[in-house]
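Here chain A shows up in two complexes: once beside chain B, once beside chain C.
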Partner chain A sequence: MSTNGRKKAIIYSLLLLLAIAAPLVVRDEYHRHIMVMCGIWVIAALALNLILGYAGQLNLAHGTFFGIGAYATGLLMQKAGIPFWGALPLGCLITAFMGVVTGIPTLRTKGHYFPIATMCLGIAIYYVIARWDDFTGGARGLFGLPRPEAIPLPFGKEISFDSTIACYYLVLVFVLVTIVVISRLVRSLTGKRLIAIRGNEDLAQSLGINTMRDKVMCFTISTFFAGLAGGVFAAYMGTLMAENAHFLVSFEMLLFVMIGGVATIAGPVVGGIVIPLLTEELQFLGGMRLVVFGLILILTIRFLPFGIVGGLRMAAMRIAGRGGKTQ
Partner chain B sequence: MNDLLLDVRNITKDFGGLRAIDSVSFHIKEGEIFSIIGPNGAGKTTMFNMITGFLTPTEGGILFKDQKISGLKPYQVARKKIGRTFQLTTLFLQNTVMENLIIGQRVTREAGVLQSIFGGRKRKGRQEEAEDRASQLAEFVGLTGFKDAPAALLPHGAQKQLSIGLALAGGPDLVLLDEPVGGVDMDEIDVIIALIKKISGLGITVCLIEHKMSVVMNISDRILALNYGKKITEDVPEMVCRNEEVIKSYLGDKYVASS
Partner chain C sequence: MLGSIYAMVALGLTLIYGILNIPNFAHGALYMIGAYMAFFAITSFSAPYWLGLIVAMVILFVIGMLVERLAFRPLYDKPLINSFIVAVGLILIFENGALAIWGPEFRQIPPLSDAVIRVLGTTITMQRIIVIITAILLIVAVHLFIKKTRLGAAIEATSQNREGAQLMGINVRLMGGITFGIGTALAAVAAVLVAPILLIYPMMGAPVIGMAFVIIIIGGMGSFFGAVLGGYLIGLLETLVSSYVTNYFTEAIIFGLLVVVLAIKPTGLFGKEH
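And now, the complex of A and B:
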């Protein structure tokens, strides 16, 4: 047990070192930019996995909440003149508030109706963003959003976020915060309640679990982190398009989670890195690359129902020759 | 001994135009084993679902320990210390026996979100406590040897035992068992009957729905017989199996002869 724990600690430390060293090795700006984007997708995928993988609710408005967070943060910076460090937490809270307001009616539905309800919600909100010209800039979008303000350090120095590499480390910090918060949550008793709801909602209720409250709570936290990913995206990119809040964004995030490995912490991290990288590498295929992704998704679901991470775990278990478990 | 635990008063349940339960009253006394019998469609499971909050009665009320529980949500009823099993054995199939029994416990429900994220040592203590209790529960229902087996891979009888363990996990004063020996083979029936007696021995009141008359007649203190949503009788087994209407609707001639 303790050797296992030590092994894990060593692996995690190595991965963290790798993440810290990566932009120092990768020297061209374009690939550094892709690495920043991967970090943002990882945050969003971790958040989707919380509601999908642990509470068992397929939220097809997740990309829309990413968009709400992006627009909320962007508009607070541009129209209200609030600095990034204030706009980002406010943007997350606004997204989470929208999560509560929309979660309470939609989470009452069961089975396939929740994905359908959230997809409708996502489409509706997308059109609000895309058509509300005076407020969101409509189809033109928002331009010239400022980067995060520099953090002052003692002795007159500061951390500025003008460079891609600085943004990379900023995103890395947010990724780590998201991983810590979500993994603590799912490993706690609250996480066990969520897994119980995923397992069987009626049974969970008969055991005294207030399933509605827990689902709304989980949905709220999930949308909060979707908003975080969106807010960071807005400040990093400097421009926002209605397409960033399109309901198809949800499906991209779903792809990250499913291929990476649903209901694991490592899964969305792997998926949020591998898929965007693959997207770049397959750029030469043009529209055909979507066909490749479709094929990968079908093969994954058929042969690796718990994604890359689930597959690796199974392989490790076979090598070790003993039983293990997925969360 | 004769304290009233559950008091069902003039309960009616309509599903659209269909009256599933028609003005039924009965009561369960503290410490007894109470059975509900009746042919298929008599309204037994509907009655269970109303007691446990999964359905709201169209008319009438249900009192538990003198408090009204009809109209409460299922989780609220569960927190009043009423445990239940489901007719189709319902478990967390992907989880192990131990995990099932940990999820089932009261402590599971009480850690708040913030405490889950920021909590430190206290959280660990509670988790260990839950594991200890889960072990005890596994032993009580006779699943010590299956602790780490996934629920989905258990034999049917063991799944029934686990579902009863789950119903007990919250420390209930009343457990409702919906066909605890349904579809279970002969050897395993004895195991489950012994388990029901053991539960009763702890002072927990038991209410069960059962089809197997040999089981019902042997272990019940009192029996409620339903037919087409109406109450036929509520009495001790010796009287119920002499009741002509019960015999007509349910038991068949065999029991007339043997009485």
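And now, the complex of A and C:
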């Protein structure tokens, strides 16, 4: 067990070093930009995985919460003149608040009703954002959002976020925070309760678990991190379009989680990195890219229900000769 | 008019749900494909309107059966969530495929008749009357089909008790495929009927499918009359809200209403406990 733990620690440190060194190796701005985007998607995918993978609730409004976080942060910066470092946490809190308000009625539903209710919710909020011209800029979007303000350091130095590489490290810090918080959460007793709810909600309830409280809490945390990804996205991109809150965004995040590997911490990380990179590689397919991803999604569900990470684990176990069963 | 369209789309959705227990999120995407099929039949092959409608219906019936066979059938004994995600995959395929092949531009099927009729002091276009009458005829036809024919009875039996139906020698898998085909064909008809009034574009299914889900939740999932009644109710409500309250936030108000309904009764207004 302890050698296993040490092995894991070594692997994680190597991966972290790789993540830190990556933008130093990749020198052109465009690829650095894609790496920043990957980081933002990883945060959002980890958040979706929390509610989908662990609590077993398919939230089809996840992309909408990403959009709410982005618009909340962007509007706080632009209309209220609040600096990024204040607007971001406020934006996350607003998103989480929306999560509580919408989660309490929708999470009362079970089975089929929850994805349907959240899909309807996502469509409704998208139309509000796209049509509320005076407030959100409507279909034209929001422009000229400022980048995060520089962090002052002693001796008159500062960390400024004008360059892509600085933004990359900022996003990397947020990714690490997200990974630590979510992996601690799913390993805690609460995480076990969530998994019990995923397995059989009625049974979990009969064992004395307050399933509603746990689901709402999980949903709130999930939307909080979706808002975080959105807020960082807003400040990094500088512009927001209603399309950033479209329900198709939820579908893309679902791709990251499912193809990466649902119900693992590594899965959304892998998915959030591999799929955007693959998207770049498949540029030549033009509009057919998402068609290909749709097909990949369906085939993944059928043949590799735990995605890339689940598949790799299964392969590793086979090689180790312990029989090939996950979970 | 809107109510008729919603009633047909919701009816297709609820039929599929009744048999296969899948909320088919891709229903709106298939609705959109139906509109394009008729559009090309009418404009490229200069087919008359009614022929275009029938062509779209037949093609979508076949596509519906194929979708059921290839995408959903392998997942029957798997967790429900897998079917949901497969439906999302289908949306990605159909909507982006349509966008890539046919482009984002809006298209319109020329209306069957431009005539305007005065009824009780208000005016209504002929096309709207055609939509309303066709929808009613079709809904009655589907009802009669289910209640009066052997095949319809087999479908109803399958939706009521899958194992029981299988014991009686009904091919439940085939029933699933046929129902999926019929449901999809209904969506196609709705799309073709509304196409001369609204426009055809790759994302046209999204607002309609959202409404259709609101309807079948309110009407009780799997319920025939719930879907029809709910369709007309929501259509009327949408028209009232957009003419008397706000034109901008109609969807938000109706979806908000749904959330309120679910908060009060998590299985929908007429839904059974499960």
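What we mean here is this: the second predicted complex is superposed on the first by the 322 of 327 C-alpha atoms of A that agree within 3 Å, B and C clash if a C-alpha of one lies under 4 Å from a C-alpha of the other, contacts with A are read in each partner's own complex, and residues count from 1 in each chain.
By definition in this document, a residue touches a chain if its C-beta (ideal position, glycine included) is under 8 Å from a C-beta of that chain, and two chains touch if they have at least 3 such contacts.
The shown structure was predicted, so the numbers you read here are calculated from the model rather than taken from an experiment.
By the document's definition of touching, neither partner reaches A:I179: not chain B, not chain C. With both structures placed on the common chain, the touch criterion links A:L145 to neither chain B nor chain C.
Residue contacts after overlaying the shared chain place A:R302 against chain C, while chain B stays out of touching range. Look at A:I195: by the touch rule set out above, it reaches chain B but stays clear of chain C. Of the two partner chains placed around the shared chain by superposition, chain B is the only one that A:M217 touches, whereas chain C remains out of contact.
Residue contacts after overlaying the shared chain place A:I209 against chain B, while chain C stays out of touching range.
When both complexes are aligned on chain A by C-alpha atoms, no chain A residue touches chain B in the first and chain C in the second. The residues of chain A lying in touch with chain C in their complex are 52, 56, 58, 60, 102, 104-106, 108-113, 115-117, 119-121, 123-125, 127-128, 131-132, 247, 251, 254-255, 258, 286-291, 293-295, 297-298, 301-302, 305. Taken together, the chain A residues at the contact with chain B in this complex read 181, 184-185, 188-193, 195-196, 199-200, 202-211, 217, 221, 323, 325-326.
Residues 52, 54, 73-75, 78-79, 83-84, 86, 90-96, 99, 102-104, 106-113, 115-119, 123, 126-127, 130, 148, 166-167, 169-170 of chain B are the ones that touch chain A when the two sit in their complex.
Those residues of chain C whose C-beta lies close enough to touch chain A in the complex are 17, 21, 23, 25, 71, 74-75, 78, 80-82, 84-86, 88-93, 96-97, 99-100, 206-207, 210, 213-214, 217, 221, 248-249, 251-252, 254-256, 258-260, 262-263, 266-268, 274.
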